[in-house]
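A, B, C and D label the chains in the order they appear, each numbered from 1.
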Amino acid sequence: MKGYLFHTDDDRREMLRSIGAESIDEIIDGQVPQALQMQRPLDLPPAADEMSLEAELRSLAAKNCSVASHICFMGAGAYDHFIPAVVDEMASRGEYYTSYTPYQAEVSQGNLQVMFEYETMVSQISGLDVSNASLYDGGSAATEAVLMALASVKKRHKVVTSDAVHPQYLEILRSYLVGIEAELVVVESDESGCSDPLIDAIDDETACVLIQHPNFFGRLEQVQKIADTAHEKGALVIQSFDPISVGLLKRPGDLGVDIAVAEGQSLGNPLAYGGPYLGIIACRKELMRRMPGRIAGQTIDRRGNRCWVLTLQTREQHIRREKATSNICSNQTLLALRATVYLSLLGPQGLKETAEHCVVKANLARDRFAASERFELVHSGPVFKEFLVRDREADVTGLMRRAAAEGVLAGVPVSDVAEGACGGRYDDCFLVAVTEKRTETELDRLMAVLDAAQVGDSVHLAETV
Amino acid sequence: QATKLIFEMSRPGRRAHHLPSLPESAEAISELLPADVLADEPPPLPEVAEGDVVRHFVNLSTLNMSVDTHFYPLGSCTMKYNPKRNERMASLAGIGDVHPLQRDGTVGGVLQMMYELQDMLGEISGLPGVSLQPAAGAHGELTALLVAAAYFNERGESQRTVVLTADSAHGTNPASAQMAGFSTKAVKSNADGLVDLEDLKSKLNDETAVFMLTNPNTLGLFDSQVGEIADLVHEAGGLIYLDGANMNAILGIARPGDFGADLMHFNPHKTFSGPHGGGGPGAGPICVRDFLADYLPGPVVVRDGDGYRCQAPSKSIGRVRSFFGNVGVLVRAYIYIRTYGKEGLRKVSEDAVLGANYLLSKVRHILDVPHGDRCMHEFVASAKRLKKDKHLTAMDIAKRLLDYGFHAPTVYFPLVVEEAVMVEPTETESKETLDAFAQALFRITEESGDLIDEAPHSTKISRPDDVAAARKPILKWSEGE
Amino acid sequence: MKGYLFHTDDDRREMLRSIGAESIDEIIDGQVPQALQMQRPLDLPPAADEMSLEAELRSLAAKNCSVASHICFMGAGAYDHFIPAVVDEMASRGEYYTSYTPYQAEVSQGNLQVMFEYETMVSQISGLDVSNASLYDGGSAATEAVLMALASVKKRHKVVTSDAVHPQYLEILRSYLVGIEAELVVVESDESGCSDPLIDAIDDETACVLIQHPNFFGRLEQVQKIADTAHEKGALVIQSFDPISVGLLKRPGDLGVDIAVAEGQSLGNPLAYGGPYLGIIACRKELMRRMPGRIAGQTIDRRGNRCWVLTLQTREQHIRREKATSNICSNQTLLALRATVYLSLLGPQGLKETAEHCVVKANLARDRFAASERFELVHSGPVFKEFLVRDREADVTGLMRRAAAEGVLAGVPVSDVAEGACGGRYDDCFLVAVTEKRTETELDRLMAVLDAAQVGDSVHLAETV
Amino acid sequence: QATKLIFEMSRPGRRAHHLPSLPESAEAISELLPADVLADEPPPLPEVAEGDVVRHFVNLSTLNMSVDTHFYPLGSCTMKYNPKRNERMASLAGIGDVHPLQRDGTVGGVLQMMYELQDMLGEISGLPGVSLQPAAGAHGELTALLVAAAYFNERGESQRTVVLTADSAHGTNPASAQMAGFSTKAVKSNADGLVDLEDLKSKLNDETAVFMLTNPNTLGLFDSQVGEIADLVHEAGGLIYLDGANMNAILGIARPGDFGADLMHFNPHKTFSGPHGGGGPGAGPICVRDFLADYLPGPVVVRDGDGYRCQAPSKSIGRVRSFFGNVGVLVRAYIYIRTYGKEGLRKVSEDAVLGANYLLSKVRHILDVPHGDRCMHEFVASAKRLKKDKHLTAMDIAKRLLDYGFHAPTVYFPLVVEEAVMVEPTETESKETLDAFAQALFRITEESGDLIDEAPHSTKISRPDDVAAARKPILKWSEGE
């Protein structure tokens, strides 16, 4: 029997004797009616030993392009930032990754202290009072924030947002709002790629405003102005932010935002084809008891020593059941640990310099696109680490395919992010993201590959990668 | 030293991470970004050296009990051994470092694995429609209920607004129902710890949308009435949702699809050995009957000639999270299922059931076990009598077990058992370990006084003040506090 | 300042104040005469940050063929055996790899117990009484064994061996014996690739006989017979053995051998272009106090608890100085840990099955070579996991180069192992090693690549790999 | 549980590792191998499950103090922070998994690194001939002495059979000399802890082959007479060997080649942050003057057009180990040197010297420090007075420090200081840590009685019986013992 079982046949016999059963079948038959039992073996592949399975997985892995094999300019919510080796080594300690939710605080102080440090750092980077111990990902965190706001602002059901928010985040919001009394207003962003038009949509019915800054197009929003208007109207403001960006940019809390959310993948978490990722959420103190998810807090123990526990559990499903603030039971502790280690390593200066590299190199890339014949920059104002490029030949998919065959993941076509994203206005465009990892040589390589691509070039990726 | 916070180790100017110089051709930040968006200074993160970071987080880790270090019989959580090969393979270049918006042609290997996993979960559940998107079990519950809602809506049965849950159910069940826009009603357990059929019947009507059932249930009992339950619910026009938290008991033995479930989620981090990560990440893939498959959230992986591609089902409820799903967790599940294969998965459940029954055969001489002398993969004992006779509570037992080098079982859940002690040994613990655990439990019942009241004694901290924590919450470190 | 320094300028000022020095220069100048100090900075590359250096190292790594990128049939003393993930994870725990020699037993019980378990397992696989805690590698271990024997057998100076022992091991022996009164007799192995002729060279002057079994050609030696003869003549017998082979083959101790040595790389240690590797040595109890290197032993502590300590230290250089059994101070604990974890995972059955895979697949490969036109099997008797192939076209180097360009590391030319190895008799031959990792498909691929190679095919590897 | 031996967990038939089936086309083993070479059964290794192995070795690890968890001021061993990036990069595919007999064209990246490392070590030492082959410092000593012997032989000076070593030298020096076929004489230290020049002079003659010098020496003192010493030895026709164990003190400050050394070894696992691995692996690359380079063991890496290739020097002494060298360790050294680069290495030594002097400035008020109030990267204090006054020995201090959460310094070495306590803080410890260590040391000197005599109290074991261990050695586990 391949796998991880312990019991030898002798063990099994002795155990059955203690139980007083003839066989394991007897135990099962006594509980699961025969009619409900499977009458055949599972139809699965045969058992595989480690060596053979690893060889197979390696060959499957080799079929994929990756940020190790390719130069990556893909972003749109998930980024190829550098992950220091310390992050991997800390997170690969069994004491972290094979433990569970700290129900017994005495033997979970490691995880609890990490959560407390994580919460503190989220507070530091968001400029807000309170964080939880993490949510699933940036997209669902945005929706949880909206649900928090809807629950907090009584008798208002309108949610105002813009199509400069990540299209998948809007999709999630739509899915969740089905079961709830709520009206979603998605305002079209203006020609400069900003969401100023949504200011006019904020009214006395509005429970909350959801914006993203830097936004889906990499552009900077008038957060303070939007927040002021919202607050005047009695609505709450939710900002989805890039945690790397606050190395340079003002933090959500500094801009008057009430609830901040972010995708924490950038903070030392691998891309992993989309997950697991890290949902960051922080809010003003007044909203604390509406926060979903686990929260670690400080207290003292029997001996008077400072220590940490899960707290405010009366918000949670295992106590409150259907009256809970959310159904969330797990959290992303391991990814929060990675973010905590990452931010500890970077410190204020490292975060600032990382942000600087993003801004500077994104702009160097932008200059190159601006100078090219085939491409057009869609928006002209300042960007953080990402920007939108129009292919005048409108062959975005072919272009990306061709670039991948040449070792470059050149960007993300807007239409790949979500069907009908931004009303289809940008279906001939792609987002180019530039992190601190990219070098000028790589920027040149990107342009060389894109410039060499011919419209309609047919590339069969299966053969070339 | 370990209890210092990283913030308290900070010294202005100390650094760990360094970046290369900016390109010489770069413009100044002040030229590239408007002044009004710029912060005066970066956030006040700790300033520490790399050696600080490593020693801090390594030493912190040792304050945790974990599967790698201790027996961890936390009921309902299936704390089985987390294979190291899973960790290695999931982080291979080409798997761990693939961008989520890469198109099908550049990510065929991952899609093939995900496609095969969909198939395998469909086979194991007996429910062929599979979405790998949900990020956790509770997320799977919510998603499945949104699927059910969409289904009823399309059928013109939007009056079905009630979700029934067992009173022994995980708290996530009613909370998920609430989030999906349903109201909830609890169905009682009978004296045997199973669904009270009469109570169920009395609550079934044309408002019934879904009955959420955990089977084996949280008492570790397989509800043998499940066929009848399914018939009753289906006759009333409702659907059966199976909370898959306890699938470790019945792999290859009984399939939810065969015993009447219409929708379910898996917890790959429990059943399929994905590590629990100190609380997460998990994943919550859902499986549904054919007629519900079109409503699943997208994308799902479909075959496309020789290759694979992502596609949203035709009547999809939409997305419930960004990107594809928790691929890192799912890959580990894939590796686990492939490792045991068709021969092995049933054996996993058999050994899990064997271990639980063996431990039960020892524990029932120490603690009362209200619901029978046999169980599936876990059982629930009660310290009610000990509490009355000796002031020894479930919590006392939990705390004192820590001193014996064992993680505590789940206590005070399920709510239907007083002073509940819920033990799930899993199939990856030896008979010797189970014997040692039973012996420790026995010794504890013989102990009294400070030994119990002040337990644990051997841990860094003991009996933290939860009430103070909640009354005046301190949720972050502040300078000088 | 890139790197790992802790002190801020403020720290440095405070520390200097406590020292009572104006500057660090003052402290150094007070001890190191100016005339002896460097008057210029070191001429080294500029400091490199982690991200840039890793990118550079990745591109250097990509220039190398490896057993991940290529199908490996290379052996000759270092083998591509499978390394289970558990081995890597255990050895990557900081508590193991960042600790040092267990001078303080109280805070080194982890390492000490590992050493004790390692020693026990070495005893189990060698069939001998006593092992040390490891030596540098298999080659230097063979020489240390010879030195042990020379020191043990009084007034004899002859060392008899054969050219079927790894040629590099013989080179090491020659280098070490320079400083010592000793005569090295290397007997030519016979046409069957065995060392039977050395039996005649064993005489009353002989201190020890060094053989390898399975030998350099993969062939099996008459160990028992050689040992009997040696013992009759009063000489000690040293066997270099393959630790995987004893899954099937009789162990050195079972064959009458006095000292066994082995290269422990096969036991879960990465190839790493030759090091660090693991020198295994074990001997009969009577020779224990001649053993070089660290030894862990069992004892009890103050409280009566079983525990482990370094012991028999009176053999060692830090106590005995010039009278020590050897100058060895460090050992290869981390690699010994890997071997211990590896052998724990395999157990008797896993070791046996691994050995079976080697034998079976090596023979399948051998059959394929026997059937080919271009190649000839040099020896006809049984082999363990390796065998010698003659290229009738005598273009071994070209052949290997061509195969590497096609993704196969096809074998090891004998002349690559050491200049003049085996007297040049096998310069038109190469060794093919087949471990349990190889599949039949890969064997077919090997033959396809070799059969397709044309003599004189010119391949510029720099371009093709 | 952690003190159980893995053998004691064994159960017949329990397994962790599995292999695929043998190929169907395979012949039976009995057809392939003669019966007389086959064992009746495989060796009696433990039979355990994978979960057993993991829990066992994880728990064992936590019984070690290590740099990752504790301050480890073990004098002469340079227990500095081991960068995690070294670990990651050294195990990259294409570095960690390259076969040692791959030819130059298939291993150009590794050869380039090794070539550059040769160059960098030549520059740091001021000795341009470099061999990376020796596996450890002591191995480097032996190798260099074999080089010296070959050199003298070729010059017809085979009468040079004496190696001089300092009485404060590491024990490896005389032992290595002995193995290389030399006889040894010890040169005394003077009252200042430096080489007694008169004693040296009296021992120099035409039999002198090499003077092995450690500088800074094992007392942490830079012997300022080194120029004069080199002149004396060279005039006598001998060579100077520098034991490079203490190079962490003088990187970029003084080069052995500039102050008279002709041969030396580096300890990359000390100076260049290669991890110590619980006792090894290390590496012991040697650097020599031009006129000795032809004698170095082979292979060394040379440039060959645009590429690199391995080659044996023309008059090579031959090999001292299999294959190229401890590449895994050397790659880490390469990464370390590249990380600090030309700007940083001197700063490493400056901070190492600063830290040691700072700690010395605190410790000299607690313990006697016989040799001055300044030091290089380490210093040697003495508990001689405390032993006399309070029966507090160096060993007591070492043991009691463990309770305070610090690894002990080196004690009873060098032999020239009674009750020696040899402290090397390295540059990768914070001022706060050094302060805490000094404070612990102070507290210990105020303690007495069982607190001291029975220390350590907080460790799993305390004061093992070394005498019993040596008198009746138990060097392996046996069934039933």
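As a convention for this text, contacts are C-beta pairs under 8 Å (C-beta built on N, C-alpha and C of every residue); 3 or more make two chains touch, one makes a residue touch a chain.
Being a predicted model, the structure only gives us computed values, none of them experimental.
Asker: More contacting C-beta pairs: B-C or A-B?
Answerer: When the contacts at A-B and B-C are counted, A-B has more.
Asker: Between chain A and chain B, tell me the centre distance in angstrom, where each centre is the average of that chain's C-alpha atoms.
Answerer: 19
Asker: Between chain B and chain C, what's the gap in Å when you average each chain's C-alpha atoms?
Answerer: So the centre of chain B lies 45 Å away from the centre of chain C.
Asker: Counting in whole Å, what is the centre-to-centre distance of chain A and chain C, each centre being its mean C-alpha position?
Answerer: Chain A and chain C have C-alpha centres separated by 46 Å.
Asker: Which chain C residues sit where two or more other chains touch them?
Answerer: Each of 2, 4-6, 11, 49-51, 54, 58, 68, 84-86, 89, 92-95, 436 in chain C touches at least two other chains.
Asker: If you look at chain D, which of its residues touch at least two other chains?
Answerer: Residues 11, 14, 17-19, 49-52, 54, 58, 62, 68-70, 81, 83-85, 87-89, 93, 428-430 of chain D touch two or more partner chains.
Asker: For the protein chains shown, what form does their contact graph take: line, ring, star, complete or other?
Answerer: Graph shape here is complete: every pair of chains touches.
Asker: What residues on chain D touch chain B, complex-wise?
Answerer: Checking each residue of chain D against chain B gives 1, 9, 11, 49-52, 54-55, 58-59, 62, 68-70, 81, 83-84, 93, 405, 428-430, 432.
Asker: Which residues of chain D touch chain A once you look at their complex with the stated criterion?
Answerer: These residues of chain D touch chain A: 11-14, 17-20, 49-52, 54, 58, 83-85, 87-89.
Asker: In the complex, go through chain A and note every residue touching chain D.
Answerer: Against chain D, chain A makes touches at 2, 4-6, 8-11, 49-52, 84-86, 88-89, 94-95.
Asker: Any idea which chain C residues touch chain A in the complex?
Answerer: Spelled out, the residues of chain C in touch with chain A are 50-51, 54-55, 58, 68, 82, 84-85, 89, 92-94, 436-437, 439.
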